[in-house]
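Chain IDs A, B and C follow the sequence of writing; residue 1 opens each chain.
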Amino acid sequence: MQAAGQFHLPKEHGRAPGLSVSMARTMAALALLGGAFVMLYPDAAAAAAPGAEMKFVLDSFAFLVWGVLVMWMCAGFTMLEAGSVRTKNASVICLKNIGLYAIAGLTFYFIGYNLMYVGVEDGGWIGTFSFLYGTTAEEIALLTAADAAPEQVEAVVSNGYATMSDWFFQMVFVATTASIVSGALAERVKLVSFFLFIAILTALIYPVVGAWTWGGGWLDAMGFQDFAGSTIVHSTGGWAALAGALIVGPRRNKFRANGSAKATPPSNVPAVTLGVFILWMGWFGFNGGSQLALGGAADVVALANILANTNLAAAGGVLAALALARPLFGRTDLLAGLNGAIGGLVAITAGPDLVEHYWAVVIGLIGGSVTTAGLKVLEALKIDDVVGAIPAHLFAGVWGTMAVCIAAGGDVLVQLTGVLAVGAFVFATSLLVWLGIKYTIGARVSHTVEELGQDAAELGIEAYPEFVLMPEVDDD
Amino acid sequence: MQAAGQFHLPKEHGRAPGLSVSMARTMAALALLGGAFVMLYPDAAAAAAPGAEMKFVLDSFAFLVWGVLVMWMCAGFTMLEAGSVRTKNASVICLKNIGLYAIAGLTFYFIGYNLMYVGVEDGGWIGTFSFLYGTTAEEIALLTAADAAPEQVEAVVSNGYATMSDWFFQMVFVATTASIVSGALAERVKLVSFFLFIAILTALIYPVVGAWTWGGGWLDAMGFQDFAGSTIVHSTGGWAALAGALIVGPRRNKFRANGSAKATPPSNVPAVTLGVFILWMGWFGFNGGSQLALGGAADVVALANILANTNLAAAGGVLAALALARPLFGRTDLLAGLNGAIGGLVAITAGPDLVEHYWAVVIGLIGGSVTTAGLKVLEALKIDDVVGAIPAHLFAGVWGTMAVCIAAGGDVLVQLTGVLAVGAFVFATSLLVWLGIKYTIGARVSHTVEELGQDAAELGIEAYPEFVLMPEVDDD
Amino acid sequence: MQAAGQFHLPKEHGRAPGLSVSMARTMAALALLGGAFVMLYPDAAAAAAPGAEMKFVLDSFAFLVWGVLVMWMCAGFTMLEAGSVRTKNASVICLKNIGLYAIAGLTFYFIGYNLMYVGVEDGGWIGTFSFLYGTTAEEIALLTAADAAPEQVEAVVSNGYATMSDWFFQMVFVATTASIVSGALAERVKLVSFFLFIAILTALIYPVVGAWTWGGGWLDAMGFQDFAGSTIVHSTGGWAALAGALIVGPRRNKFRANGSAKATPPSNVPAVTLGVFILWMGWFGFNGGSQLALGGAADVVALANILANTNLAAAGGVLAALALARPLFGRTDLLAGLNGAIGGLVAITAGPDLVEHYWAVVIGLIGGSVTTAGLKVLEALKIDDVVGAIPAHLFAGVWGTMAVCIAAGGDVLVQLTGVLAVGAFVFATSLLVWLGIKYTIGARVSHTVEELGQDAAELGIEAYPEFVLMPEVDDD
């Protein structure tokens, strides 16, 4: 009888933000029957249970409220990155971030959503290459009806949620993936090249990964579990960033001739801290909204667990990163601690609905540790990641996806398949795109621009014109 | 049967945040009848449809949640403005912003709300000059009842929403109008003169415009459509700012003897960017809350469309502004792009509930373009607007109000009447008030104060005392 | 019949965030009976009233949404404090804030919640010393049921809210208490000593105060009213900070030989302002969430009043503080105005649900005045409080708690007993802990570290390495 409940993928398929449209249509038909039954026999429904329309309202409203919080994460990435780079590149990173959010919002409307969710066959690989996405005819009929008939309401309600509420929530997710790339490649990737890559990532690469999983494709059919996207969102961003970091190369003088890394201290530590608090806050929407529903007792119990676990994992991430940074970096390292929060958050994202909450602490502790140790690994490999995005989003994302096997009964082989398949696809396609960019318009600014700073060279402004008397010069 | 639904103004009257009380009372009587019918014959209501009390809860809750996001926009304006001014005026602009929010919150409680919404006759001009606004006797009876009778609940529910939830949402709107003024007049308007103007704007000028429109007055009777206030909120703020900019005059040395404008670069670009992200986020509440309801399927479908359109228009505004700034200003201009987001948001505000979403992109693209081109227009007219508030809020607000004719079937003459009437009234009264201020307490700081900076002169502090070794001096 | 409604403490006991578990169990049994009645006789419930499951959903959701806003207050404290300290200590204060939030989130999960809420006897003193808190067996049964039986839903719904939604909301409250301490003791308390104190405060001291009051202990039995925690949260933080300030002592050279205080201007005024806007925004969640419910008309009417009153009091606080600062400090003082907002907010927190809203303005005006005058009192007593946390949270908290007697009929003796008992307990235990820390690991950094700055000495970084050419030296 619980119509909206039928829209959830069965738990063993992973709770997915978004359904394939083919699946949704089948379900809608079933729901319509169920709904009609309720409407014909109102007494058959317990008076204490929410009605179908109310479930529809709450499920849609939840998408929107949580989606607004996820949008807010873009501001968090911006502050984190603008504070992490040197002042001479702080304006450009602001532009990259607001630009990527604008681009992602349009590409996902024009192409991305359809490719990810519309017409993905069961076990399939991609959705539809079609243009635009929007309000359904049934919804328009309801909105324009002077006096809506119950059948008109039912036709809309049977979809489970307002069409564009789901679109909105999915759109802010793809923006998150894009945000991960900007931080890693800061201070040397060309503005226009970056925007071009983001357009391809958000229109094509991410939606294909999404089609395999939340869209109902082959990884979903295998039973791959990734509740809110440790792999689908965060590792995807991380792989794309890694490919970019390899092609674009490290900042000039980041690595000394003897191979050791030069410290590149953040220019604005309070801004970095604010960014992490924003991300932490936004993550409640990121994980909470991925419950995809609010309209029943089970949903809200799961939601409460998700928010509690998200917070516990982030807290664990902070403390583990601070503790591990002491032996590893020889000091109490605020930036490691801040990145540890992100590592803990990424790690819990694959399974934030677990009911034994101490597991969230453990997953966060390890997530924060992986993130901190990962900084050392990248340095050893001479990969330059300005904000530590690859350890936090990719390494902790892999850990989180595998941790589902321990804490929530995921299948090791299936989870590993998902990690590797997404990794291979995203890394390979990103590498190709970055190579294409490199050998056409160029991926990287000139040495002169890099030394002068992208703000002055590409935008003709300074981020803090009255503060900095003399921009740092990159000599050893 | 859908009691709460009856509280919406018919669509052709524009969906209005707030109803005139006279209209609300008539509706309340109808709703009471409807509600009583539901209570007498519960089986007559489909079990799947939300009950009247639930609608009341959700509609009121929506006012509050979205209202909190609109309040947050004040922080966005503050960051945008504090980052845009030179460091020597950054503290004063912070004080102006927190002060205006405090003032608006009190004037709208003491006078403004009554003038805007209480007792506006159909087609009338103003509401009531009466003091204070508050919880109704029915609400107090319900709150203090040990065991509330169904009639007591019904008496409260029949109003459609909790009295103060609507007040809260309307109050944060008037604060937005006030915020627009502070940015345009920054760096030279006297603190006390600014606060005096804000008190008059929020207690009298804005409420009269509101009475004509959302309060049910003559523009509303004509069918003027302005869903969330492209004209009513944003152009009103823009006209008030324009009048102030004309009376107060440009900053010293802003325009050279030959008439060309000197660049006055923002002192803190990441702060400006953060401000725009905050505004973008808050705008989901601004436009979403203006649906005025949440308690049914049609409402939440409209809400989803509103949030999607708001985002699409802002994204379009960013990209159009960036593109247009290249030929116009000869560079990739981050600040134009950021202001373009605001232009896109202002433009979609008059009709964010449109169902063909590509229109939102188009409206945003043009909104961003108008905003960017408007900067040039102001410069040509030698009007000094520190943050570009007049192009973003007034010019894009006019465009958005007229765009309703294209995208949502508004009447051109009616929309134009609204634009011109609001413009004439707000500009004329603001001009009078600014003139009165100029010739009594003075509108503008002295040349000495302007050169020294308002922070040191008016507050005795510096915004960043450890960063700036030597404040900029305004010589050519 | 209104099952969820029975979970509210009667008004004369103060509306409490959280119930003692013993009390909750009794209520749950009653609710189960009530719920069963509704389920057996659906027609007996008016169709227009929300069902029990919907109440459960909304009440739990409200905890989570408002809780997210309260978590956001930690970012507000961080910005306020990072902007208030000198640049040489800005990174350490960031670490203290993210660290305290992580610590509070874990201690309250491991120990604190149980000590505060689980098994507090009526009129008792403490809850249970037990380890971990979590999802109930009934909730797990519901979450894992393939097809939940109505009895399973009922078993969960009868608790009134999802277990972890309440935990989440209470957890963010304890973090607020901890945040108050960091600001007052900034710039000289050792990092590790601070974290140790926070662990004890959040695991033991605050939960005991909570057990006396919201947990259903002896102060609650007396009828002590403190709706959202003027005393329980804010004064507790204030007393802990005061004890710390006395033991740790003032910053070097804060007070001159003649006893007068040196000005220590904030290093980043826009950051302080942003912090206050964040706190103001978050306070809507702090006070609004303390209604503990959303699922009925009376709840949402109360919620609307709470948000309106919270805003009115904050606005009053700003204006009163600005006005009073002129004679007191001889200038228009932005920082006094900002702290006045906090004072107004703290003052209304004990009774934000009052229905005569002008009282909120009055309470806020006095709260802002007390905060501003309190700065002078602390200076006279040579107590160094970097951000004015003790006046804003302790002095205004006492005022707010007593103001309940005027505005909402609280009993003067009872309120005074609460203020004094909480004060004596928190101050005495905090003093002991600080003394213990002082004579073991030391509470304060060395003179050398203090002069060099904690950022360089304890973290090996600078907050703004490119801005500040020469750190300020503390000579007279």
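Convention: contacts are C-beta pairs under 8 Å (C-beta built on N, C-alpha and C of every residue); 3 or more make two chains touch, one makes a residue touch a chain.
Because the structure is predicted, anything quoted here is derived from the model rather than measured.
Engineer: Given that chain A is a copy of chain C, what angle of rotation, in degrees and a multiple of 5, matches their CA positions?
Structural biologist: That pair's rotation angle lands at 120 degrees.
Engineer: Look at both sides of the chain A and chain B contact and report whether the same residue positions are involved, with over half shared, or different ones.
Structural biologist: different
Engineer: Calculate how many whole Å lie between the centre of chain A and the centre of chain B, each centre taken as the average of the chain's C-alpha atoms.
Structural biologist: Computed from C-alpha means, the inter-chain centre distance equals 31 Å.
Engineer: Which residues does chain C have that touch at least 2 chains other than itself?
Structural biologist: 43, 45, 47, 54, 65, 268, 464, 467, 469
Engineer: Per the contact definition, I'd like the list of chain A residues that touch chain C in the complex.
Structural biologist: Listed in rising order, the residues of chain A that touch chain C are 43, 45-50, 54, 58, 62, 65, 69, 86-87, 265-270, 272-274, 276-278, 280-281, 284-285, 288, 294-305, 307-308, 311-312, 314-316, 318-319, 322, 331-335, 337-338, 341, 353, 355-358, 361, 464, 467-469, 471-472.
Engineer: Which positions of chain A touch chain B when the two form their complex?
Structural biologist: Result: residues 35, 38-39, 42-43, 45, 47, 51-54, 56-57, 60-61, 63-65, 67-68, 71-72, 74-75, 78-79, 82-83, 90-92, 94-95, 97-99, 101-103, 105-106, 109, 132-135, 139-140, 142-143, 145, 148, 150, 153-154, 156-157, 162-165, 167-168, 171, 191, 268, 271, 455, 458-467, 469 of chain A touch chain B.
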